[in-house]
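Note that subunit A is present in both complexes that follow, paired respectively with subunit B and with subunit C.
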Partner chain A sequence: MNQMPSFDSISTRAAAATPVRIAARVRGLSDTAIAWLFITPTMLLLLAINLFPLIWTIQLSFTNYRANRPNAPVRNVGLEHYQTILTDPDIWARMQATAHFVFWTILLQTVIGFALAYLIDRKFRGHGFWTTLILIPMMLSPAVVGNFWTFLYQPQIGLFNYLVSFVSGVEPASFQMLGDVSLSPWAIIIVDTWMWTPYVMLICLAGLRSIPDYIYEAAEVDRASNWRQFVSITLPMCLPFIMLAVLFRGIENFKMFDLVNLLTAGGPGSTTELASITLKRAAFEAWRTGYSSAFAVIMFVMIFGLANIYVKALNQVKAR
Partner chain B sequence: MTSLRSLAFAGAAAASYLLAGTGAQAQSKTITLCWAAWDPANALVELSKDFTAKTGTQMKFEFVPWPNFADRMLNELNAKGRLCDLMIGDSQWVGGSAENGHYVKLNDFFAKEGIKMSDFSPATVEGYSTWPKGTQNYWALPAMGDAVGWTYRKDWFARPDLQAAFKAKHGRDLAPPKTQTELKQIAEFFQNREIDGKKVYGASIYTERGSEGITMGVTNALYPFGFQYQDPKKPYAMDGFVNSPDAVAGLEFYKSLYKCCTPPGASNGYMQEGLDAFKSGQVAMQMNFFAFFPGLYKDPNVGGDKIGFFVNPSEKTSGSQLGGQGISVVSYSQNRNEALAYIKWFADPEIQKRWWALGGYSCHKAVLDDPNFAKTAPFAADFLTAMGQVRDFWQEPAYAQLLQATQRRVHDYVVADQGTAKQALDLLIQDWTKVFKEDGKL
Partner chain C sequence: MSANAHSVVEPSAGAKLAASVLVILYACVALIPLLWIGLTSIKSPPDSIAYPPKVVPFVHFTPTAEGFCNLFTTRSRQTPDYIAGLPPSTGGCDEVARSRNMVVVGASNYVPRFVNSLIIAFGSTALSIVLGTAAAYAFSRFRVPLKDDLMFFILSTRMMPPIAVAIPVFLMYRELGLSDTRLGMILLYTSVNVSLAVWLLKGFIDEIPREYEEAAMIDGYTRLQAFWKVVLPQATTGIVATAIFCLIFAWNEYAFAVLLTSGAAQTAPPFIPIIIGEGGQDWPAVAAGTALFLLPILVFTVLLRKHLLRGITFGAVRK
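After this line comes the complex of A and B, so read on.
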């Protein structure tokens, strides 16, 4: 039987292997100091790639800077960009489109994701195969998903239109999912739901499997019905997991860009132009760097603020 | 002694090898040319082999698909990137690239090398090379002449049954349209018609939302109807020109063409979607850039005798949207001399002739003014006509913002059915005015 080396022997060997020069330097350092020594490089990296750009973005948001005009004088414009953005009806229309998208995708993904998790948790024959199959969409690249759904939605040859036609009897080419003002917001919701429901399902499945069996056994002893067990045990115990899934999907969908850009590019007209598409256009097409920095800060504050409120609610649910 | 001699010989051999190596290295310098990924780019790869053979400079190419071309390349220029030594940039970039120092000013180089802009078609020099407009400040050599034109199914147009049906309805032969009104009549005639057991549609037009598609399309209706960007006597005065009754009629016409005569689902189509629709036999007519016409003519399914070409039809006046690009030397290039040598080589009339022969659209008068030019390709005469009536979108440094506004307002009206044509153009003036004010032009 192999004997595991003890912690002491490892530390003794490590100390022995440490060059005397370095050993002399660290000797006498407290545990806290050594811990700081280890985490400092990571902290510095995080500061460089997260905090510094954030501070720089905030600074730029008060200027008229344009990245494509490096020679132009940079002027401080104070809160002008913030005022322009917050009073612009177009921006509010984009925010409404974003809210519509976020609300419906989260609702559908949560309901369907939880239902699928509940089914998969039954451990029926072949459930492993079905789980794998259901998980495939979330493993695909958004670029691939965007492109092939563009084909699926094609009125003349698209499978989606044919399926709708098969069920409803309407002519496949008589409606355009991506080109119609009333249908296109739903077209992007359908695709996002198709792609990300498995993700919600996975989190819910983890929640369902974390519920100890003895609780259900006790409920059965008390002759609780299946519905009662579901309402009183499954749902409350799974709620923190569902809320976590909602948080992740909410943050992601608030920033949604790639999928929608590939499917509709914000069209028809500006119907599906979500806030992040407007932001990208301002930042990297129109090169209004100061303006887009202000917009990015506003979006960041919104997401950060909402997420914080939500996390507090989540903690309260968990504490119950 | 022998061994000493051998040693000396080996030393000399090694030295000469090293020297030769250094020489070869100097000769095999590589420059990168950036352009869009499309048919003419492949022709340029072929053509550039001659440059490498003559100078020893190797060529690398960075081609980006059209929908991402501006994003990718303008990012590169704004970041002062060194990826591209030569840039075949879009005509609208000239203003910004000149003012922001992305392109090398070529006047001195042209003067030194005896390259005369008068040797090139005036429309292309004005469109691709100069900034500010109307001056003789050159930032590019006209490289690829282009304009929006039309292709049509010549074989369908020639069918006696269709000829008879069309004549019965419109009292004239089914032939390439001379006016925008005729264009729409023909498109309506073909819409939903069964040809060889397959339902076909009238026309494929540009409707793309994300980059520049619908703008490049709608202008082909706006210009012939009388749209003007500004008061010719008062720059940036747009009211009464951008939203004139003629401009409103042009925009309404484009919407009616989209609504009546395009294939289902054509709400976000640009060059590639047009090519797909035409090549798959879906549409009778296709709006697209002349650059694609050589490839289409060679297409085994719809090319040859089956395809015909025509210039964007007139209405009150004539007008076609300018396409095409000039070739510029990027300021941040570390291989400026080699890049300039490429421009010098490319400006040679003989190279320009080969450029046209390979499928590129030369802008050189040695090619265009050749008495036989019109016979060199079935679309050559139309190309000449189109280049004589081209107009371009704003080429201002703030062109991207002006373009974004146009994309939005036109798509809102044409595809998303929001508001009237007059309202769309009024809003467009508001947007453009805001941009020009921010830019200090107003």
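After this line comes the complex of A and C, so read on.
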């Protein structure tokens, strides 16, 4: 990232040379005053709606408070909730389900997204039009579209089952994508991949286009094979972009809620109960506010760590 | 070896053809669910669940407005005798309902929920843009102490899991009387969107040469006038693109909406999944509601396509 040069321009030098009172009259508010005036409202809003609640969450996580019983006596339980969560085998099972979802969605989206970007970068006629069409799913509301996917996944009448049976010959009523313990984790992976592959594709496309032609021309002069060019030029030069997409999708899917809540709501049983759905069940169905606050804090810390890495990746890409 | 210098990096015709076939194939498969939303919205309930699926309108099924009628109205079942005794139908949805032995008894909640979505999306977008433009200008032009840390803090608020944020916000809104109010949702969506707005707009404003403002200030403009009359007009494209991104986020948001609203301020995303008919989900009505809800986003996607990349990477990738 380019560091901005210090603000030593004509106008500041002129301002510095002008007596203070006249400067104030001529120039209006000082730059420092404007800077604070412009930043403060945003910071106040974020403090009120993000930071203050975060602090409140941390405080609640040490208590047995229940939001559905606001008048019940509140007891300080110390680190009990954290201990319970971190040693609970059920929570680890939920974390495994989350990891399974994050791993496979990212793998599929990266492979398909990169392949699509590579194909689009062959610049065939009409590639702009088809790129825009491919991008549409990622712009849509995951909840509203996810809800419609439950229709596509209906065992007898759903289009998904029909098309699968059309291709494979399996009876369309013989498998339930959403109701089957072994299929439902894949049902959510399929919809997420359908929705977010375009995201990875778009970022990979930017990566491919950032590679200057002269590098390939030089490789051509050196008689490097296509495969060699791909492995030694295309992939490494795209890698920062791929990382950027992977990190962002990783963060988003780690906290995935809307799509999965509508597709399976964590079911059947708790096979697709990702971390956010566990959190919602504890906080808004069981009303264990103190306990769920501790869980939220654990998620905050993990996301915060990931966000830190993500911003570093952003700056790395920005430098290109 | 090729005589033409360009052909070194230009893919061969065969490669282009293969690439185009694969990409078009992917696009067609990926668009099937969206096509199905459109087709289901113009089917009758029995046609929508027929096996094998009915695909081509006018050939496999007769298009009908029943889905849209069911989306906008509430109906009650009546005996054929009762319906025969009613005055002649006023046509339209009334006629459709009577053919199913039903009578229209009122309007559904779809329109109020859609209006809530509009008010909340536009309200939070306007607020995010005003706050975000000011903050982005300050971050772009002035030396702000701890600038990088503040920028990271602003971005990190957007990364937070919504359910985790919703727990304390739920308690806070209950205390403040903001539960299930449009104002509460506008403030909440603004707090999420403002981070995107600051990051995106800082990128756009960084690209406007400082010399423009400096020239204006030498001509006697104050800093504020220069911001208002020089920087803002230059940043219009960026502001519009940012606004559309904010609109899309607020329009699509579900987690906060489903947890913090239930009636008066409920938006369309938590409402559409609970559209039900007799004996289960009324899929043509759901599809009609979904189609109407997604349509504005289709338009925006086409308008935004040049800035999409910037939007989804918080302004880091510009081309």
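To be clear about the criterion, the second predicted complex is superposed on the first by the 267 of 320 C-alpha atoms of A that agree within 3 Å, B and C clash if a C-alpha of one lies under 4 Å from a C-alpha of the other, contacts with A are read in each partner's own complex, and residues count from 1 in each chain.
Keep in mind that, in the parts below, contacts are C-beta pairs under 8 Å (C-beta built on N, C-alpha and C of every residue); 3 or more make two chains touch, one makes a residue touch a chain.
Small disclaimer: the values here were computed from a predicted structure and weren't measured.
S.K.: Considering only the touch criterion stated at the top, classify A:255 as touching first (subunit B), second (subunit C), both, or neither.
M.R.: second
S.K.: What's your read, subunit B or subunit C touching more residues of subunit A?
M.R.: Larger number of subunit A residues touched: C.
S.K.: Let me test your reading of the model: by the given contact rule, A:228 touches which partner, first (subunit B), second (subunit C), both or neither?
M.R.: A:228 contacts neither subunit B nor subunit C.
S.K.: Which holds for A:156: it touches subunit B only (first), subunit C only (second), both, or neither?
M.R.: After superposing on A, A:156 lies in contact with both subunit B and subunit C.
S.K.: In the overlaid three-chain picture, which partner chain does A:312 touch, first (subunit B) or second (subunit C), both, or neither?
M.R.: Neither partner.
S.K.: Which partner chains sit in contact with A:75 here, subunit B, subunit C, both or neither? Use first/second/both/neither.
M.R.: So A:75 meets neither subunit B nor subunit C here.
S.K.: One more residue to check, A:125. First (subunit B), second (subunit C), both or neither?
M.R.: In the superposition, A:125 touches subunit C alone.
S.K.: Give one of first, second, both or neither to describe whether A:181 is in contact with subunit B, with subunit C, with both, or with none.
M.R.: First partner only, subunit B.
S.K.: After lining up the shared chain so the two structures overlap, which partner does A:284 touch, if you call subunit B first and subunit C second: first, second, both or neither?
M.R.: both
S.K.: Between subunit B and subunit C, whom does A:35 touch in the aligned arrangement: first, second, both, or neither?
M.R.: The second partner, subunit C, only.
S.K.: Common interface residues of subunit A with subunit B and subunit C?
M.R.: Overlap of subunit B and subunit C footprints on subunit A: residues 67, 154, 156, 261, 284.
S.K.: Which part of subunit B faces subunit A closely enough to touch in the complex?
M.R.: Residues in contact with subunit A: 70-71, 74-75, 77-78, 80, 96, 99-101, 208-211, 263-268, 282, 397-398, 400-401, 404, 408, 411-413, 415-418.
S.K.: Within the complex, which stretch of subunit A touches subunit C?
M.R.: 4, 6-7, 9-11, 14, 26-29, 31-32, 34-39, 41-43, 45-46, 48-50, 52-54, 56-57, 60, 67, 112, 116, 119-120, 122-127, 130-137, 139-145, 147-149, 151-152, 154, 156-157, 159, 162-163, 172, 194, 197, 199, 202-203, 206, 209-210, 213, 216-217, 220, 241, 244, 248, 251, 254-255, 257-258, 261-262, 275-276, 279-280, 283-284, 289, 292-293, 295-297, 299-300, 303-304, 306-308, 310-311, 314-315, 317-318
S.K.: Within their complex, state which residues of subunit C touch subunit A.
M.R.: Listed in rising order, the residues of subunit C that touch subunit A are 5, 8-11, 15-17, 19-20, 22-24, 26-27, 30-34, 36-37, 40, 49-53, 131-132, 134-135, 137-144, 150, 152-157, 159-172, 174, 187-188, 190-191, 194-195, 198, 210, 213-214, 217-218, 220, 222-225, 227, 248, 251-255, 258-259, 268-270, 272-273, 281, 283, 286-287, 290, 293-294, 297-298, 300-302, 305, 308-309, 312-314, 316-317, 319.
S.K.: Show me the residue ranges of subunit A that touch subunit B in the complex, using the header's touch definition.
M.R.: 67-71, 153-156, 158, 173-174, 176, 178-181, 261, 264-271, 281, 284-288
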